[in-house]
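Take a look at the structures listed below.
Both of the next two complexes hold chain A, though its partner changes from chain B to chain C.
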Partner chain A sequence: MRSASQASDVIVIGAGVNGLICATLLAQARRRVTVVEAEAHAGGACKTIELVAGHRVSGLAHLIGPLDAQLMKSLRLHRFGLTLSAKNISTIAMSPDGRHITLDGDLRHTAQALAVHSQADAKAWSHYDGRLRKAAQQIERWVQGVPGGAAEQAKAGLFGGRATSKNGALDAEVASFIDASIAEVLDAEFETPLLKGALAFDAVLGSALPPRARGTALLAAMRRAINADTTEGYVHPQGGAGAFTSALLKAAEGAGVRVKLNARVRHLLFDNGRVAGVELQTGEAMHAATVVSSLDPKTTLLQFGASRHLPLAMKRRLNGFRVEGCTAKVNLALAGLPSFKGIDKRLLKERLILCTGIDQLERSFAAYEQGSFSPDPVMEITIPSTHDTTLSAGQHVLSAHVFYVPKNLASGSWDKAKANLMSCVGGVLRQYAPELPDMILAADVFVPRDIEAMAGTVGGHWHGGDLSLDQLGLMRPAVGLSRYETPVPGLFLCGAGTHPAGGITGINARNAASVVLAAEVRA
Partner chain B sequence: MSDFSSRASLATPLHARTAELCATNHWTEEEGFTVPAVYSSLREEQEALVTRVGMSDLSARQCWLVEGPDAGIYLSWLSITDVTRLEAGQTARTLWCDDAGFVRGEGVIVRFAAASFEVRTAVRDFAWIADGARGFDVKVTNGTGTRAAIGVRGPLTAALAAASGLTGDGTGGGQSARAAWRPAQVALMRDASGDGLELWTGADDGIVVWDRLWKAGAGLGVAAVGAEALEALRVESAIARAGVDWLPAQLARGSSDLRLPGDLGVGPDLTRRFNGVTALTGHQQAGRPVLVHLSADEPIGVGAVTVRNATVGTITSSCWSEGRGAAFALGWLEADAVKPGIKVTALAKSGTVQAEIVRAVFS
Partner chain C sequence: MAVDRLDAVVIGASVEGLVAAAALATAGRAVTVVERRADATALGEGADAVISAGVVRELDLTSHGLRFAAAPPIVGVSGERALILWPELHAAQASIAALSGRDAEALQGFYVRLARAATPDEQSAGAWLASAQAEPSEAMLFRLTSVARLLDEAFDNELLKGLLAQGAILGTGASPYAPASGQLLTRQSLLAHAAPEAGHRFVAGGERRLRQALLALLKFYNNADVMFGAEAKEIATEREAASGVVLTDGQVLRAPLVISTLAQERAGAMLTGLKRARPAHLPPRASVEPAQVKLTIGALPKLPGVDAATLASGAIVRLNPSLARLAAAHGAFCGLSLPMQPCLDLRFVPRAEAKARWDLHVAMPYVPATTTEGPWSAARRDKLRGLMVRAIDELSAGFGASIESAEMRNPPEADSLLDIGAAALMASQAALDQTAVPEAHGPAALSLLKGLTVVEPTFYGGIGDVGLQAAATGSLVKARADA
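Moving on to the complex of A and B:
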């Protein structure tokens, strides 16, 4: 597919995680690759920003992974400067009364932690973990692989024949599990509200779905399935999320990728219905037979001129892809390390879930549905400065994902409401660490509208589009676009808007790269 | 066309006149608009269409305006016809496909000016054309109900046009002239049969145009013709109707309802890029059902068609022609069963009737 007159075989739009990984894999396959990035720095949603002088923090995404071990091996990021300040980060379900539950993936440890709350839950844990593991095993190939197309769905069901047990079909018990709501599953297994709250929170995090919505148990199984081939779990790079991007950038360049910053795409170029490159805002035309976009599908296909080449029904379906964000990011610079009730400071390096139960999640969702946010929001926090001293010399930074925050408010503007949201977040934090709000030196609040601008993704959705069964697999971002290919020959997608959605996993990019190479063979 | 129901229907811009003329007070509903089913008697109206000239209210037709620099490019992507080649004032009868290459609609595209087109169709599907315009520099407006459309049909059509002063090039085939027919602006085009005329004007001018034609036609024996007589003439003339003889893809109840352009006698240029062309290229054309015109000595019912007790197809519409004293029908038959002159068995009011295959409609 190479053309002697072209400087690149492939142009990748966007130097975020997926863009850089895809570019690197294609370069490793001996393609001449150029990445064009609109901003002055690579990273997209994965950057480290300065909150206030002396305090740096991951701007949006604050944990990386779970990354596929094979993918990590091929990227060789450690050779390009990646150092992890923490890995295999555990989750702690935080209780305002200090009776926290640590969920570290070890069955015995978790059962012991649960026994403090409920002997019955301690006994039930292994059963629940087994059900989740079984479901994850059976959908792993579907989660990790290239989804099937519509024809495969018609022939082999929603999962295109990719979700199977050893017997070759999806187990009835698993089918029933993934069809249920996570609340329904947890209510049947456990009695401790704190445990159920944390597990439900993890399932629906980033999705505009309440825990009692049907199909949310699938999301829990998906997370587990993504975790399947990782050896390091959730990790924190030394220097924050931006350090990960920095290593990716070096790996890409090391593989021969040319990265062009401050190069915003104005529109795609076409030649007789086939993509032929991109034109930048500067007017510069860059030609390549293949263009892979890590931007969201709506921007790529509806705003860069490709919509003229899309089948009409597909364009309609893509219009209906739900991309409005529902998560806010709060970054705090702290004068010191706050004390959390009932927890050893050494455990503050873990991932802390502040959600007392499913009811609190439901209340937060109810407020979200009304175009507002809960006065008592649920959140996930990390305090990366506890293990990464490069972020804040002698002091600390806290990073929070605050859940069920609408992009647009039913009344009022975000300019004024951000202070209120910050006050609510402070109120919740005070329940767990009474002195914390008084230690705040500076705060950033990024609502979905800000995330839209910062990450360059329409809607500002954490996962590049809502996570639900009707927006995954062959339906992500729309039927006919699920295999990273588009109806425009030579144009591909590799961003979070593709299967299996967001999270810093690299699966989208890995799959897209394989599809690009396979398409070249077909051509 | 459907039976008149009690739900709210819209009045066409010609309603004041059609109501005056509708002696039977027998109405029907077409695409949400109330139009006369029969004005005086079906027999008289059929006779007028065959021997003199008839006028009818066609204002229920959908009318979509597409304007802007990309109007021609967009409509050439939407439909199977490259309408950028039309000159201002020209029309193209065309159809459009869904993404899978099956026919979704049919109609006429009129080019008014370089960046101004109008789509006229009997199929209600405005959202399809409006949503599909995203990414093109066009404005799509639903003008349905803002136009009055008058059909003129019968052997004295040309005489009526001449008598009323409508003798411009608009009466020529394939042309849509804008006649400065003071005080009204009128656009003329040939109808689907090729024998009649359609006059399109603004809603406010509809009555003026109707009255002028009516007055000019007095000496020619003009008659107001309702939906039932038009429908009978359509079937007699073997003109397929969307929603009756074939279902637009979005309304199909199963794959057997889906129609390819070739099924409707249209062979698009598959080297040109338009919506659905990729899928269309992959469809098998051989062995597809064939639309046939049938006739019989007694009324033919809609339903299954058999040959030696084996079902070979379906009748989709039928009529009784008073003028010719025969029944006519349209129906889809298996390709192997289509042999002009042979008899098939169709349903009748009581029992069955032997109908003869006159011809394949799109042979």
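Moving on to the complex of A and C:
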């Protein structure tokens, strides 16, 4: 017999960002919510780890956001201890010759920075920005809403029914923009390789897509559309990504959510084809009429006993969902702050992109396709210790997302290849900051295989699955599974493997919560 | 020539150029084709010609000697096994059943989906995605999804998946994993199996016979003319519109419509007399041709699981096809190098004039226009040919000894890159486009300037579609329908 105090209306599987946000929103809507987390710590891909004594760094995700302003308001994370050491973090396209380009969202600044490289590009910038803005505006509701229409959100009234009206038709110009490849769009607009490289890199980062893949311009527009409702852009929490999780955890508990750690789900419980709860590895059964999984869709639907409730075609489609990671994370403890050519030290708090052109990105992808990595990989780096002194007293930590790194090597093993990857990364860093490699005190290299284990997500993919045309919107994670619902009544998805994915945005969780509440209304 | 005023000039006697001319001629228009080469035999000959149903209908080519052949079996050989996709469904299923019973059952359903997906969907994939309210149509699903994912979802057997994937990507430069490449599966050769009623037909005798039929048609109409040995030097303009073609010998052919089968960059560069700037180049379309070699052989190779009769029947044979191998080869291609393991497409055609002699057409996808070692020299082309022959030799020892002569069609030598126009334009860096999928589903005849249409090769539909479309761009063909 369950005691009344133990009873839950909703069980959320996984205490990562999406799981915790979804749980909190449902608790705020007066549902009794329990979160079960397999690990001893909450956070999933959002944890702060110790690299070496005295140096802490965000384990995987190193920037948070862009977070929806309204969502942030309702979570009140600042009350639960969240302090930001940096917000509205800009992007800088770094150049080995020191002629970097700051992309801070200010048209005039960017045009000035571009003029150093090309007058034509400086002029073209506002045109490109305008196209991107227009595309982002037209797809914003699609990006932010539930695929196939956001009617549920209105019913649930999570945020007073704001983001609800139906998607308007796209005008022809936007339609052709988002159907194109990012390389094609950039080649038509600009001539500066560095600019094109950075913008293309930003569009495809994390997905196994080359810059000439159709639909990658859509990713640039999506990124912009996700940014639309944020006031703080990319942020860095004081204490790293783990501090964000801590605040989320407290907010969840503050809203009445029970969080059960060390509680690994063995399988789902069913009752007459409906989900009825979960059974833990310990054998403990937990009952609830609604189960929301923030785990990857493959694990949720194929490993926990739900597969016999799925049509065969859907199972095969879900199997085809590409979740193989292609990004590595490199964390470095540094003896001091290295100087980068041509850049003021104050700018080292920004997000730095090391990609000199679309060519370099393509070479890197070509190596990836052959089951290897480029000797000259592209990467995004942050040096969070420049604004967050809690991470590394007096010294520094650098965090890099290194791109395209295959999960499985065509030859050799990762145990040996990691050192080689690290020396390639060091080689690239040396081109920009010659003394940097000599300042390295300790280094961690996490390849997709490690990320799979650390974040507990099949494949170890940065976005929970490639952001390709066949894996977005109504197609994510598979046709028939895209609206956070599953064919099993009462079972929902809210993780990164759902639309729109990508980044720590909380949109997946917010939409899933609204769908859960709407489903209750229907039932 | 009976007429003194031309309606159109077509530059290049490629199949698409001849189809465009034929469509104009049958519409009663005065048209002249100018071809640099001395005669039609110098134009190369593809083993396969899958003519579009629309072209056969429109031009009534059967009255001009065109004959059709049955769709050939498609054979995949891997190790000691062979899988034969016979044109007849049950025979194909029986062959697949030896490898996977489930896949044999799945084939019919997949063919049904293919036939449905072949019906064009007007909307662009990205636009559909961002405004969709309902689940995608089969055509849209194929437009959004990669070849590899569609096959992975449909089948288990790697040989079958590789066999189908290689047919889809051949000549496109697209990786089977490229997003939105799925539509490539609806290309002619497969569709001829899946939906013979859709009407794309294999031409008996291949490209050579197709060209002969087109030339016969043009000869039949006295308002049409084909000038061999006539090289276009300039495209003349008047009032910012194309007005005709100037040949290298100084002869001027005036016409309000010029259709060029040359690479668009080349056609643009030939424009003279424009007051405004030359029109900006259109975004490059897929313009990748596989390396192609024609070998004359005195004995058919022994391939495991395939008998000589099947080979001799014009089978398309793919050696060790697999998604992984294609992806690796594509990776090498993007890195402007050659793959360690080539993916080869073989087609055996008996030689009419000699017994026990066959032409073996070998095509190898993912060969870059230029490599990190530089453009294709004669010596490097020989090396590439050696690589192709060795790959066949590995499966059928002694094959190399049966070769009597060899003729390489692609990649062209460095100095002839822009030689025979768009049809032979090789992969440039721009053409490494991962997704050689045209914006609109269908042929790519593009208007570069008023009065000037450029024909770009396309991988959709059948041969002739682009030419037909090009002929319609000048409103000349439509005029006949009105009259």
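Methods note: the second predicted complex is superposed on the first by the 497 of 523 C-alpha atoms of A that agree within 3 Å, B and C clash if a C-alpha of one lies under 4 Å from a C-alpha of the other, contacts with A are read in each partner's own complex, and residues count from 1 in each chain.
Rule of thumb we're sticking to: a contact is a pair of C-beta atoms (placed from the backbone, for glycine too) under 8 Å apart; a residue touches a chain by one contact, two chains touch by 3 or more.
Keep in mind that this is a model prediction, so the values were computed, not measured.
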Quick one: is A:R308 in contact with chain B, with chain C, with both, or with neither? Answer first, second, both or neither.
first
| said: Quick check for you: in the superposed arrangement, does A:G273 touch first (chain B), second (chain C), both or neither? | reply: first
After superposition on the shared chain, which partner residues are touched by A:G325: those of chain B (first), chain C (second), both, or neither?
neither
Give one of first, second, both or neither to describe whether A:R316 is in contact with chain B, with chain C, with both, or with none.
both
*asked:* Looking at A:L209, would you say it contacts chain B, chain C, both, or neither? Reply first, second, both or neither.
replied: second
- Message: On the A-aligned overlay, A:P487 touches which partner chain: chain B = first, chain C = second, or both, or neither?
- Response: first
Chain B versus chain C as contact partner of A:P66, first or second or both or neither
neither
Just chain B (first), just chain C (second), both, or neither: which does A:S181 touch? second
Dual-contact residues of chain A (chain B, chain C) 316, 319, 480
Chain B residues touching chain A in their complex are 70, 73-74, 77-78, 98-99, 128, 131-132, 134-136, 273, 275-276, 278
Counting only contacts in the complex, chain A reaches chain C at residues 138-139, 142, 147-149, 166-170, 174-176, 178-181, 184, 187-188, 208-210, 212-215, 217-218, 316-317, 319-320, 322, 362-363, 365-371, 410, 468-470, 472-475, 479-480
Contacts from chain C onto chain A in the complex sit at residues 123-127, 129-136, 141, 144-146, 149, 152-154, 175, 177-180, 182, 283, 327-328, 330-335, 430, 432-435, 437, 439
So, in the complex, the side of chain A touching chain B is made of residues 273, 302, 305-316, 319, 480, 487
